[in-house]
Amino acid sequence: MTPIKKVEIIVDSVELEKLKLILDKRGIKSYTIIKNIQGKGDRGVKSGDGLTDVFNNVYVMIACTDEEINLFVEDVRKILRKLGGICLITDAVWIKH
Amino acid sequence: MDSSLVLYNFLNPPILFFFLGSLAVFVKSDLEIPQPLPKFFSLYLLLAIGFKGGVELNHSGLSTEVIIVLLTAIIGSVVVPIYTFFILKRKVSVDDAAAISATYGSISAVTFITATAFLSKLNLGFSGYLVAAMALMESPAIVIGVLLSRYYNKSEADNDFSWKELLREAFLNGSVFLILGSLIIGVLTGDRGAESLSPFTDEIFKGMLSFFLLDMGILATKRIKDLRKAGIFLTGFAIVIPLINALFGIAAAYLIGLGKGDALMITVLFASASYIAVPAAMRLSIPQSNPSLYVPMSLGITFPFNIIIGLPVYMYIINFLWN
Amino acid sequence: MDSSLVLYNFLNPPILFFFLGSLAVFVKSDLEIPQPLPKFFSLYLLLAIGFKGGVELNHSGLSTEVIIVLLTAIIGSVVVPIYTFFILKRKVSVDDAAAISATYGSISAVTFITATAFLSKLNLGFSGYLVAAMALMESPAIVIGVLLSRYYNKSEADNDFSWKELLREAFLNGSVFLILGSLIIGVLTGDRGAESLSPFTDEIFKGMLSFFLLDMGILATKRIKDLRKAGIFLTGFAIVIPLINALFGIAAAYLIGLGKGDALMITVLFASASYIAVPAAMRLSIPQSNPSLYVPMSLGITFPFNIIIGLPVYMYIINFLWN
Amino acid sequence: MTPIKKVEIIVDSVELEKLKLILDKRGIKSYTIIKNIQGKGDRGVKSGDGLTDVFNNVYVMIACTDEEINLFVEDVRKILRKLGGICLITDAVWIKH
Amino acid sequence: MTPIKKVEIIVDSVELEKLKLILDKRGIKSYTIIKNIQGKGDRGVKSGDGLTDVFNNVYVMIACTDEEINLFVEDVRKILRKLGGICLITDAVWIKH
Amino acid sequence: MDSSLVLYNFLNPPILFFFLGSLAVFVKSDLEIPQPLPKFFSLYLLLAIGFKGGVELNHSGLSTEVIIVLLTAIIGSVVVPIYTFFILKRKVSVDDAAAISATYGSISAVTFITATAFLSKLNLGFSGYLVAAMALMESPAIVIGVLLSRYYNKSEADNDFSWKELLREAFLNGSVFLILGSLIIGVLTGDRGAESLSPFTDEIFKGMLSFFLLDMGILATKRIKDLRKAGIFLTGFAIVIPLINALFGIAAAYLIGLGKGDALMITVLFASASYIAVPAAMRLSIPQSNPSLYVPMSLGITFPFNIIIGLPVYMYIINFLWN
């Protein structure tokens, strides 16, 4: 059991590719993605209907150390500022295997 | 006005299914077409219309007329975003103006497809190369829209901008790519290919279109609620500008000397607004623009307006001028 | 009993695909029809059967017979939940009794559709207005069920209750709305519309039904496991009550003087139980009722019983009485 | 980085509309929704199959302050009591952008 | 409001049945499942495309006590060791209803 | 070589749609067929091909020839994984060698189906029992692969192993089950059933195949990127081994004295590699093996190789030998 940070990012679906590029570039090798999620926020309702991913969000979760967070957090902040979304960090422990 | 045209259009099952979907939202029925079925129908329609257009093109070949029409289409999709941008800029932000103008410069494949069903009710045909014209009109409007937004936002240096990205998004987005690709496959395989695919691309076509328009009725009506944000100016814009663009289209068709069916199709291309390719592109290229404006405008107003009122009206004008 | 009827039913591809799905669960194959495909097939079948019924209705028009049948259908869907409620109340909670009785008062569109495929094997037709009868039978049972539950639960003041909500849920839920809407579109467009949609709504219909029943076989068999909770009383109920209701249906058809095909269809409506509209409505309107009871009963027992044993048995009785 | 609470609610899919109404009424303007999830609990298995949403759950996440939680928690509790489901609250920090 | 642990497990989709068996066997009666999620990790990219669930993950969340965790954690560890995936534990409070 | 064969294959719409999907990945278009549509097409194709094979089998019945072909198929799917395992073991781990050899001993239903479309272009038919041969070839390879892996990994006692699980996974996985089940339904219902399902299973078949191959083009091309991990040896293996297996198939067909159409189909079964049933089974039964090796090999190389180059080449050899 190792202490770890759980970073959760929710952004517009169209930003997913950009986000994955950032994580790759910053050396983050592991993450989990949940696609096609909905929501509501400052930038209106994401109802998930429609013929495109314009009204859809995506959830990305990264379990990592504080040092790793520092590698990508500024880039993520920039995305959030531009296209909305949120980023939460929670303390967790990791069951080592 | 020839009321039979209106009736013809109204009694077309696809249009009636559109009304049914719309009604479902008004009476708060919980009817819904779950994801990704709407995307499936949309991919099917693009593939089928592209392929059928290609087979037609294989018959007719290219001619001076074809090239003139294709050029007209491209010019239209460049001019419309420019003139509408300057109208819009007086009332909304530069980014919204750019995104909305791109929306109206581009086209709606479903409007085009619904027009083919309308034509077939009137026993009129249209030329396959108009499918190519449709595909060619999606991209320029996107590029123009982004360029306008960048030019009038000069101050803010957006280091993220990449021409490569923009051109890929404009010319290789899923819907443009699928229509053009299916068109080329239709050209290559011609009648032999058409025969083997025809039950899929032709016979069940109207049924698939009806199912899809059922969903479009739901979607378009849901979006109407969002129009409160858009306000009276943008709501009016979403009806008036398509009408003006339709007149441009009719004039162009008349000058080129197209047949009635082709004239209606080019008119519909001019009059229609995008709600698939352009919103997706704008979200990436002009992220500051507000999709809750341009999607409700094109999907909630312009699309129903075109398929319900536009089609018979445009046809009436064409009948009047051509006879 | 005429064994050829059983054989006819068994050698019907849709029924065989139902068995295949059932077998998949028994042998623990990992075959599955991923979501939302089952919903797609279900929407398709509702749209197609509604539309075809409407086109038939356009031919035949309304008559006294039609009105009598529609009234019979509505009365059936009111009486069945009432009499079954009092049977059920002795053994299960008021809420469960109300939900189960609504389930059996309402109908199963897929049973109805499977019966049409059975009839077509026997070269028998049925009247389009029975599709309307089907649509009309879904809602009253829901309303009656909720009223019974409220009446016998008087003490607990549930401030959440809203008549508006209940009526909307009963009369405007997705499946009722889609069937009725498609029926009206069929009536409005008649043969012209039928011709253009027929490859979609008619020709591929049996194939789509087969695919759907494959999934229904999987679903129904999975639900059977849940029946341990239901116990012997409810399991027996799920076979005996449909039989009794079928006899009511046959009697009504005989008294009205319907043809054999129509008689089978009205019988099937009486005998079938809902597993789409009613469970969704009960979940909202009688939330204390347990869906792990009424869904396995209607989907795991009554549905297979009706399409496998019920259809040939009801037909045999009808043949016997009518000749 | 601001401390925040992460409220996670898992309920029957049919309750989603009611839940959204509550949040709207209580002035909660931002949340995230994941539809069509499965589970098991006191009220049986939600297997996600079938032709309706009767055997389906939905996940709703709200990042908000303690004061905001107090605005809607009682209403949510009432729903949970009636139709089942759970509500968890976790401490997190919010990457302000 | 009762303190509780939130256990989150992300594994290959093909392991879901095995995981459910373990939870059942260890007496865990309640959990939530999110299917068809994507990710990246030591065992490559789970892109979620393809015709099978081979390149798909599944998310399982269990809200339970420390004692309950001890009942299944070793079994889960064994699965993770064999087929990859992660298991995180977070402190939360449970809104009792 | 008879270039018309190549051309025939190239101008087949399904193959062209495969290229279109492939091109979409190369030019980085965002075209995608959202889940679970690929699974839907795949289930449809299995159901349709199984059913059609069954109807054919109902016509032709069983004969000594049939039994010899079925035995040949089974022997092939046992021998191929064994001989390839020993080739692979020199270069990759025991687990990967076992998984890859199972992959190549098994078959690809889509390759088989694409070959039927190719044959129909050449106006050649094939016997329905080959569909049974296909279904019979999926399972033995899986069992052999797992046994090889266990035998050569003896030291590690894996207590999880269960014969029951393995056999279920091998013989009752979704695709084997659906093909065999549909085949039996086809045999049982014969022409009567075929007639009612034919618009679904026959007429729209090529269209559905085209749509599916569009997605396969996208998938296969995406997987090619993963081949860097596989290296030159495995990449070469994915082309050379199918060719060798094809020659085995041709030789067997020649010795048995099959017609040209049947010869091509058995050849394609030998030459093709699995990317649905086997990967799913390996993930469960040999979890230490790496799916990023065997899926790109079979889906990214062997599948396109077979449908683009293999089909005309095998046909050419068969034409040459048979004439």
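Just a few scattered comments:
Going by the order they are written in, the chains are A, B, C, D, E and F; count residues from 1 in each one.
The definition used in the following text is that contacts are C-beta pairs under 8 Å (C-beta built on N, C-alpha and C of every residue); 3 or more make two chains touch, one makes a residue touch a chain.
Keep in mind that this is a model prediction, so the values were computed, not measured.
Steps from chain A to chain E, minimised over paths through touching chains, total 1. Under the contact definition stated at the top, no chain borders both chain A and chain B. Note: Cα superposition of chain C onto chain F, rotation of 120 degrees, nearest 5. Under half of the residue numbers at the interface between copies chain A and chain D are found on both sides, making the touching surfaces mostly different. Chain pairs C-D and B-F differ in how many C-beta pairs are in contact, and the one with more is B-F. Chain centres here are C-alpha means, and the one lying farthest from chain B is E. Taking the mean of C-alpha positions as each chain's centre, the chain lying farthest from the centre of chain D is F. For the pair chain B and chain C, the distance between C-alpha centroids works out to 41 Å. Centroid to centroid, with C-alpha atoms defining each point, chain E and chain F lie 34 Å apart. Shown for chain C are the residues in touch with two or more other chains, namely 35-36, 39, 199, 203-204, 280.
For chain E, residues that reach two or more other chains under the stated contact definition are 34, 48, 90-91. The full set of touching chain pairs reads A-B, A-D, A-E, B-C, B-F, C-D, C-F, D-E, E-F. Per the touch definition, chain E reaches chain F in the complex via residues 12, 14, 36, 43-44, 47-55, 82-83. Every residue of chain C that touches chain D in the complex is listed here, in rising order: 35, 38-39, 42, 218-219, 222, 226, 275-276, 279-280, 283-284, 287-288, 290-292, 295, 299. Against chain B, the residues of chain C that register as touching in their complex are 35-36, 39-40, 43-44, 47, 51, 168, 172-174, 177-178, 181-182, 185, 188-189, 192-193, 196-197, 199-201, 203-204, 280. On chain B, the positions that touch chain C within their shared complex are 11-13, 16-17, 20, 23-24, 27-37, 117, 120, 199, 203-204, 206-208, 210-211, 214. Partner chain E is touched in their complex by these residues of chain A: 1, 4, 6, 29-35, 63, 90-95, 97.
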